[in-house]
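Quick one: the structure is below, and I'll ask about it shortly.
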Amino acid sequence: MILQEAAAAGIHPLAGTPADWIWLVLALPLAGAVINGVLALVTEWHPGPFDPDPIHTGEHAIVPAPTLVERAERSTPRLMTVIEGRRRHGRPGPGDHGDHHEHGDEAGSHAPPARHPFLPLVSVVGPGVVIGAFGVAVMAFLAMLRADPEAPFILRYWNWMTAGSLRIEYALQLDQLSMLMTLVVTGVGALIHVFSVGYMRDDGGYARYFAGLNLFVFFMLVLVLAANYPVMFIGWEGVGLCSYLLISFWFTEKANADAGKKAFIVNRIGDAGFLIAMFLIFWNFRSLDFGPVNQAIAALPAGSPMLTAAALFLFLGCVGKSAQIPLYVWLPDAMAGPTPVSALIHAATMVTAGVYLVARSGTLFAAAPAASLTVVVVGALTAVFAASIGLKQWDIKKVLAYSTVSQLGYMFVAVGTGAYVAGIFHLVTHAFFKALLFLGAGAVIHAMHQAYHATGRDDDAQDMRNMGGLRRYLPVTFSTMWAATLAIAGIIPFAGFFSKDEILGATFAQARGSFLSHASWLGIPGSVVLFGAYVLLVIGAFMTAVYMTRMMLYTFHGPNRTGEAERRHLREVPLVMLLPLLVLGVLSVVGGWLNIPPLLGTLGPVGVLDRWLHPVLGAPAAALAAGRVEASHGAELTLVGAAVLVAVAGIALAVVRLRPARLVPKAEAPPESPGIERTLAHAYYVDDAYDAGIVEPALFTSRNVLYRGLDSGIIDKVFVSGIGWILPLTLGRIGSSLQSGRVGNYAWVLVLGALFVLGAFTLR
Amino acid sequence: MIAEALFFSGILFAIGVIGVLTRRNAIIVFMCVELMLNAVNLSFVAFSRMHGVAGQTFVVFVMTVAAAEAAVGLAIIIAVFRHRQTVNLDRLDLLKG
Amino acid sequence: MPLFYSFHFYLFGLIAVASAIAFVTRRSPVAAALWLVITMFALAALYVMLDAHFIGVIQVLVYAGAIMVVFLFVVMLLNLGQPTELADVRSRRGRLAAGAIGVALAAQLLTVLRGRIPVLPPDPVVPANAIAPVAENLFTDNLLAFEITSILLLVAIVGAVVLAKPGRAREDASVVAGGVPGESRRGREAGA
């Protein structure tokens, strides 16, 4: 039954169930954001004059009245507030773009930190609302399991705007896909909130952090639960906003603020694409709701230019939001934010919004094979490109950032090939193990920071060259991170194996005779593109295994390079931070059971996710796969084996070739050797290329052409000064001569005026 | 006769205007204004011949106002003369902008 | 129209216009004032011929007899009798322009009459009594205006006295003229 018809015919099976309360899932995080926001304003508000850039010094210094946080700090030992940390900075911090100012402090003494005034309240409200949202989502999920609906459950709340034939409502759509995404977002989000309670404990911006994080969860849920493109766009923009707020959380450091700006600005380029796509969709289909649009797409012939254009512009939005080539540059810089933010936003949820968009618009992409092939090409190239950069990064978060970009490339290859379920599956498993990796890295960084604080040393707590042998000190973190590494490398039976293998298998299968392979991309036949993508993905899998193992080796194995005094202070992180790690570790192990391929049916239930998402994604997937030649059982087994072999080979290579013992701490490390090493370490100089090619010309044009030339030179000189010069000479003289003060002149004017009026009457 | 009266009235008024525009002596200009008022009075009387007595009433008013205006105006001219020692309009330009 | 009537009408009209022109072109203010008096007399004759006897009389009494006398008083007082200022009349160009304006104005005023010349009703109402109708109209329909005019006259008298007084008038005048201290001091010295 076509979805829309089902929804129109009679009551939806989910009506009257807990699914009706799905709006609570949105309301709870929003309420949390508001409460935390108010608390943040109260504590961080500076009454009286405030001079953020102290140009007034000495006796003219503007001394700000203390915020609540600072007053708390005065009554108890020093709290590393943002402002306080900045005032203590005698010099700008060392380090590259991805700033390591985790605790807003660089130099100075480290007495035991005190608490944020509202710490208990925020610690309950912040994670509590997300846990509550997760609970509601679970109830809705159970209802959905019982009801097993074919059609989406659409709840309409308000009419946003009606203009001509355009009708947009605030409407939520609850179908299998959005339910799954809701569970992932609230579930993983809740875990990360709990982790943050421990991680951000000593930060003066505690309330602001949770306000931003709650707001992000709200917007992400708006995105996944939207029933039409504009509401989804609200969520799209909102997560971009929260990403900006949270990346530049320690905004008093310019590098952090710049990173936030970069993220938002690069995202905007994609957003413009999304908007244009919405315009095209409305122009062609006169509606922006998913159901009617999908129905209308069926009316147009596949591959028509309109459909391809709309799909490509949507993909442009994905390229920006999900960090694909060429708009991925913001993601590594986004590591300037707190690590749980990186875990939630830049690993598990926000960056996957692009994948969700393509899956949601599956009908559109299935009807535009050229656009789907474009997705495949971009995804495959990104996967390999980013993986190669990850091979040579020293900052632990940067490795994970490029890894995220690479894995997103995998997801896009999947949804590009038409294997929408595989893409979503990888999205879910990636959320598990990447969040775990980031949280684990956060735990490591936290421990390193504690050690540095205790000894008063000031070094990069995120650089792997300063770590080493941490498995002795952080055993739980160590084991959970290995679980995640095996998952991401694709070792059976961990979660990543199943999802990655499904992607590889789908790409390979689509290359042989499917509808997609018959399309062509810039003249290249689709089958060639798909085969090429498959090869690239395998190479990427190999590189993934290598760099992840490299990361683990340098961080946890080998001798410890942190320093004699610091070593004594290295200890495992508190329980509140370990619990999420453990939960995610379990999920990384068993998550693959969500969609076991029929090939390995002996391991458990086959294709749970396939069946679950079939009502939503089945049709477009079948459209693109039509006519393909299924590989034989033996061939499939060979492919699976090859994938595992590649992963194992990568791990082995890393273990054999990399010697952690040869590393020296960052301060003494030699610069990169020129050539391939340096190129990779500088990420192929892409950032520098953008700087030179785009940013500098834009700045130059703004400064010289627009400001000096147009604004100062023409508008100011000609229009403003020019008019000011001309008018006194012309009108001014006339006016002055009229004001001679002589009665005779006035009499003249009077008589002339009277003559004029008389003339108007007499000479009609 | 009405037409001729109006005819003369118009010409007298125009002569008054010429006088105002031409002369520089303040008192003479003032007298030209009086001439204009007289021309207007002639018009009023002419029309009163046609339409009733209200025109003559108005002439009474015009004369009254002209008298008051002459008194005050001449007082001003005297005061100005005391300061500037001249009644040449061209020299009385303190309002010059 | 009987010939006698129209002949004299035109005669007095021409006298009025000619003396007006003479008035405007005299150099000496006294001569000009006297020519204006002749104009007013001619106008008074015209008023009488238009059956406004009362108006004609008060024209002579008030206008020619009082207002022009005041003018002459002031001229004599300020000792402006001699045609001292040769530059009293403006330049030739100015005069030509003024003449043109005047002609234009006259032409305009006269075109108003074009085609709409009012014709006297066949039996024009000639009032038997000269004053009674005017008085009746003045003191009934226009009583308010009459009262206001009386106040106006009072104000004018007071104002004239105040303005023309030597001592206080000087201070007030200096304020009125924009407060140029030097001028008023000089004026005070000169006029004291």
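Here the chain labels run A, B and C in written order, and each chain numbers its own residues starting at 1.
By our rule, a residue touches a chain if its C-beta (ideal position, glycine included) is under 8 Å from a C-beta of that chain, and two chains touch if they have at least 3 such contacts.
Owing to the predicted nature of the structure, the values given are computational and were not obtained by experimental measurement.
Of the two interfaces, A-C and B-C, the higher number of touching C-beta pairs belongs to B-C.
With chains reduced to the mean position of their C-alpha atoms, the one farthest from subunit C is A.
Averaged C-alpha coordinates put the centre of subunit A at 88 Å from the centre of subunit B.
Inter-chain centre distance (subunit A to subunit C, centres taken as mean C-alpha positions): 92 Å.
With centres defined as mean CA coordinates, subunit C is found 5 Å away from subunit B. Counting partners per residue, subunit B has 17, 21, 24, 94-95 as the residues that reach two or more other chains.
Residue positions 90, 101, 105, 109 of subunit C are each in touch with at least two other chains.
The set of subunit A residues touching two or more other chains comprises 744, 751. Residues 735-736, 739-744, 747-748, 751 of subunit A touch subunit B in their complex.
Partner subunit C is touched in their complex by these residues of subunit A: 744, 751-752, 754-755, 758-759, 761-763. Across the interface of their complex, subunit B is touched by residues 1, 5-6, 9-10, 13, 16-17, 20-21, 23-24, 29, 32-33, 36, 39-40, 43, 46-47, 49-52, 54-55, 58-59, 62-63, 66-67, 70-71, 74-75, 77-78, 80, 85, 87-90, 94-95, 97-99, 101-103, 105-106, 109-110, 113, 117-121, 124-125, 127, 133-134, 136-138, 141-142, 145, 149, 152-153, 155-157, 159-164, 166, 169-170, 173-174, 177-178, 180, 183-184, 187, 190-191 of subunit C. Across the complex, subunit C is touched by residues 1-19, 21-25, 27-28, 30-32, 34-35, 38, 41-42, 45-50, 52-54, 56-57, 59-61, 63-72, 74-85, 87-88, 94-95 of subunit B. Taken together, the subunit B residues at the contact with subunit A in this complex read 17, 20-21, 24, 26, 29, 89-90, 92-97.
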